[in-house]
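Next come two complexes built around chain A: one with chain B, the other with chain C.
Moving on to the complex of A and B:
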């Protein structure tokens, strides 16, 4: 099969050939009364024989089922996006130096309509061609570390990112930007918050919800916000820069341990949970929203602690959950379990024996809440008190995702159970917020 | 050990005896510079020997550690709350009849300060004594089905609740109210939405975040809202009545399949996800917020479908998740797996083999998003297309919790895989919302 039809087979391939269409062409598919127009793009190697994938004008892709009555017409050659040749940007020597590291994801890519392949576009000159404003904010050194969709980022990658960031933090770099897919951006932000301690400069993660080839793309504004923060922000912490609202007016800077992806498609998907963002950027102007942050200090010496241990599980409780799943983790050498319990930090009494087993096997069992917002309090009801008595560790208002990352990180530092417990309860990277009145209302 | 010291042993018991205190007494515990005053309450049978549990003035309980330097003083006898004898309420014959069923939880309880035990308080006369306004809204028939904290409610209880509700729906009952703990109230609301089809009258679940013995209790206002909806609302669906905002001014009525507990402690913890509440109640006046609802019709015949099958798992994906956990479910006879993936509906490629195994073993694998808000779209990125090609079923904008309940319910109806898939994709109880423009912004 030629590359032109990559992924298509059977009926779908037959129909495409009959229409004399190729990957990249604009085609119209008519199924009874419904018609779809879009660019024919390649399909997954796991694909069946009955669907054709179109990139619609909106930028989204859909799969259209081919039946005996389906009509396919080729209505045009795909409009190949022409990327301007990179302008001859002269780096302005007075501007701060910012290192940009790409790990992949939507923000780091543009779609090649010819093949449908996603291409990383993060050499400095590519970036300047897509976002020319960057040249007025900073001198950029762009490097590609990986090209991964972020659902494929694992704790091993967190280690590699942390080590790579540490290498970029030299005497004359004012900040680091990490381009990353949004799916697990919150997890990586938490991971780097623990792995990169005592930072001299800001480390800003950034993603985008719509690729640069879509009219509604947030890639450029997010990137400008991230580079602005890296170059000029007064704080030296791991943070995440994304749209604050659905419109393009403001970028919110969220603390790495307190942020979560809260919408599948909106541009303002990331929210600071149980706290406010630490800063807002509008028109390249940074407004700090808290006074409680670690100040930038180029003389501070980074403490790199990049190890993570994957023998930590996140288990979300639900009615009817089989507690044997906890025993499975004991038998499979797990060192820690983060429970995503209900309400103030509960799971069913049917899980108590399994939890007791885990604690007796020297496994750390700690509690967070699937409510997402609010603080757990295991002293209010019997279930909570019983769980505390069994040895479950209550984790205040930490996100379940951050708790999981933190426990992986702790076991990367030590296997001494007393030390693990102590670190788990210690506020290392602002993962616990101060108790406020409003959370009680 | 006498009941007076139930649960206490070792050092804690010794310290209590030395202070000549009993359960129910007000005591002051001084640990170095910190002092705590509160009512001595019984502790968990799992309790250690070093903590004493106090109910503070705020209504919350804390555990105070006893050391050699701890001082305990008895400073008073516990102020026993005096519940007024139930007023001689004359049920007003013209008022609509509402059946209230209690399953337990904070709303259905009051704390007996003498023993610390939580007592269900849901006889009709108890209810009138706590919330006298109810007598002006409806004629109430109150029954206690269970007294369970909702984290202990399982799918078997959903079946019992559904069957019990069905029995209450007689010719002259205008609506049913179910009092239930808030922890898993959303899950039960979803379960009843599938189990009670073709309802003639509304079925309103209600909970409270603060028990009736706390000054900030939401129990009375929520209950008034729920009874008002059951008695008078124009819709006949399963819904949930809770505070709309932190203040007492409005009760939101959420559709049973679209609602989730989103804060550990706030009174407005329940939110309709990807849709608005269906109604708002202010001053016992009901305002519908949608025109898309099933109208009340006393002649409609309820279709009771109360069976659930627990061989369905909810698995939340996280970076570093061991895909073997999916295989464990295959080996243990599971029929369905709801994945709580990232973003638009992704999990790592490291899980693909296990998912393929599951699908090849005739296990239903379906996708939801841990973002909570938004709709999944598995045609946008490679990971999504690959997962679709593997046979993973995309579940639109359904909540992961509702998806899990729905699949348990479907397997309670049929084991025919084609029929299961068809039902999973069918909008049975408004669990899928219409696509709107705003979700794309």
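Moving on to the complex of A and C:
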């Protein structure tokens, strides 16, 4: 029953229960001499215990304060909203097959204007009805893997996603699209880049910065871009499709290991770091921006390596950082530490002992830069040279986040320290670029 | 013919939108101003109609979307940030705006609600970057007095103003400027109980006066906009959106009643003629061949672009298309508006107005023959691309069918003469859902108590005070109260010693007359008006020259008052110089003064005025001369 009251608590819940009213019913609330009539609306996330939300006849919601003298009467039963979906779109048999996997972060949804509830559209027919353009690009098979906010995705979920994608690929699809919340989308992209090797078809991650219920949402445009890439792109890599600019004009395709969320709210939040995006999609046309990519080849055999080991930490150095933070990781059984150092790859001298301890305890310690852009070089200053001497492994121009994911993945494959070190320095999924150009900032 | 509106059953409701004069926008910290310069930032968007659980989609919006309409937004850094671009979530509700809205609400005896919930009202014509307008109810159940009648105020809301349309390019791109987006608007909605055009005007004026009494609303054209809901029995509920000129309101209501009455009459006659909806078919004839040699420029141009002429038959409609609905507005005009909206065509031709526009009687005959038209049928034709022409004629057919039924429900836009044109179909039920990015705002009793304590004086109290304090007559007091200048008036007469009646008359009657003559009075700032009267007060400017100076300033926007006075050759001689001249004239006419004593004043004034060729302020000169003579003759 409590779910019927969608979030109401305390005084408000008591009053509603007493009136035997349910969400969607028409009720009258009388406070002293003032009476309000309207539809009982579920409490919003911000709601408090002393207000009941009513939808007035005019369509507006208001919060009515509940006091001990408040009277609530149910004056009408709520009509259940009926949704008549548009006729099913015909799948065009000649079109390439694309599998869409939802992990959360709704890429399509519809609004129940009666109660204000936003419901995700997840099935293929839902997607077609909300984004009808999809039917002209591909035959879609939509599946829900989980419904998680992206901040709740862990390495265990990466494993599940990778295994699920692998299953789709053996099913003769031309490409896979994964819908995912944007906050940790970059990490998942990197994880899949290592877990899904030797891909025959593209695997495209997609998200949206403006929720799908609003007419201005970037979700549909991003999804169309992602499905286009999955269906037709000439490359077979893990990549991410999002807005290139604040305009709805073009979708940039970023390589999974080189992409980072760089803005809290803008549509073009994802940027390729230290490289250019691999492709751009405009008006459903794909333009490759690099010649350096793995070509699509349906005969290629996928190598699935989905294991990750979470005993890896990403530690950002800052002035005044207490080196016991590093010691804590040693004591707690961590196998690897990625340092986010300053500038070209430095940490202060007062951390050296802790780092030495870590290395002596057979913990992998590797260096990246907190500058976001650029390549580290630990040969320029003393401090860098000292760190190298301590056994810290320099990681070129890799993103700190990608380095962390990669090290988790490596420990998922092997615990042989020499092998780990070798893999860490090997360019497995284009996580390192050999050369950086001036426009790639 | 005088219409008895009450017997007719006219019902009018008003929704008045007024921009508030806050220091920042409603949901961000941008300046609530417009910019004239070229935009610094542009971006291109599409808005996608979202489906409601009820499966409702705004038909006009969906149509635009299917046509692939894109919106090019223009912005600059002073007036918009990422919030207006829909690239950042809204900031919390601007409490300065809430306070102004609550002040107005309390002045209308409305009941503030306990907790404000922001709603998203779906609007996907491009005027909102988000695809919805943020709006919230602040208070309910107020009232205003119009004469002896009490008009209930249903609700008072606060909402963000929309972006303003700056153009429409080819290739389906509409341009909007987002400077106006997010400026706080108060919306006052009356119950539909207004029964005559006159009463509508009075109700709007009463609401406007209360809003201005808060002292915190913007002024000038475009800062106040009214939506009018009009219905008569057997007619339809028509919404007229965005009327900016208050003076036009009674006329707009009058014309709308006329239009509905005429449409009802046409419908009755069509039925009598046995016109049937089912007989109007979406059967379009390609009649391009008939016009191969045409002298009609519009068709010629279309054919040169390889476009088509498409025609449709309206059985038993002959003569009806030229029937007038409002002054200079026929049923044909109404149908053409629909064709323009849905087909994006320039216009339509119909046989009721033929032969004309270079189309010959032979061509019309040929047309009738091709379409197999009977004597009492009308034919509508249009020259454009096949797609546009088809869409246009579909709209023509739909509108003609509605003419048989009566008055179609729709949203209309006002024209400068008071008539209205088709704007779009009426959107379905208000599609509002909660704005989840902004927490609800509590309105506590203490907060209301505080606002109530500092409530501005009510218009009627102010009216009495204006008469008592400034000795204005009733008419002038009423005029200044109803004008936008009542505050400025008081500022001026409090700080400058000029006749309040002069200032009041200028701010009301004179400005009204100037506006009527096409002078853009809003281009002169309050400060400039104050300066003008300051100059009058200290004798630098003559009362009679105020109007000329004002007109000059309205035409030279960035110029100063000094420049106006110099340019107009109105420089008066300063008080010190006047004193010197008076002294000189006295010395030169000692004998005369001895002889005629006080009676020499007239002659001396004549000499003084002549010597300065009118550049002396006579009031000032006369004052100084009088003082000096009195001294001398003591």
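As a working rule, the second predicted complex is superposed on the first by the 335 of 441 C-alpha atoms of A that agree within 3 Å, B and C clash if a C-alpha of one lies under 4 Å from a C-alpha of the other, contacts with A are read in each partner's own complex, and residues count from 1 in each chain.
One rule holds in what follows: a residue touches a chain if its C-beta (ideal position, glycine included) is under 8 Å from a C-beta of that chain, and two chains touch if they have at least 3 such contacts.
This one's a predicted model, so the numbers in the text were calculated from it and none came from an experiment.
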Check whether A:34 is in contact with chain B, with chain C, with both or with neither, and answer first, second, both or neither.
second
Check the residue A:267 against both partner chains and state whether it touches chain B (first), chain C (second), both, or neither.
both
Just to be sure I read the superposition right, which of the two partners does A:215 touch: chain B = first, chain C = second, or both, or neither?
second
Does the superposition put A:248 against chain B (first), chain C (second), both, or neither?
second
After lining up the shared chain so the two structures overlap, which partner does A:130 touch, if you call chain B first and chain C second: first, second, both or neither?
second
Contact breadth on chain A, by residue count: chain C or chain B
B
May I ask you to decide whether A:154 touches chain B, chain C, both, or neither, giving the answer as first, second, both or neither?
first
Touching partner for A:53 - first (chain B), second (chain C), both, neither
both
Is A:65 contacted by the first partner chain B, the second partner chain C, both or neither?
second
A:319 contacts which: chain B (first), chain C (second), both, neither?
first
Intersection of chain A residues contacting chain B with those contacting chain C?
44-47, 53, 60-63, 118, 216, 246, 264-267
Within the complex, which stretch of chain A touches chain C?
34, 36, 41, 44-47, 51, 53, 56, 58-65, 81-86, 109-114, 116-119, 129-130, 210, 212-217, 220-221, 245-249, 264-267
Per the contact definition, I'd like the list of chain C residues that touch chain A in the complex.
43-56, 70, 82, 85-89, 111, 113-117, 119-122, 124, 129-132, 135-137, 140, 154-155, 157, 429-434, 436, 439-440, 442
Going by the contact rule at the top, pick out the chain B residues touching chain A in the complex.
43-48, 53, 60-63, 118, 149-155, 158, 181-184, 187-188, 216, 246, 261-267, 269, 308, 310, 312-322, 324-325, 328, 332, 340-350, 369-377, 379-383, 385-386, 388-390, 401, 404-405, 408, 439-441
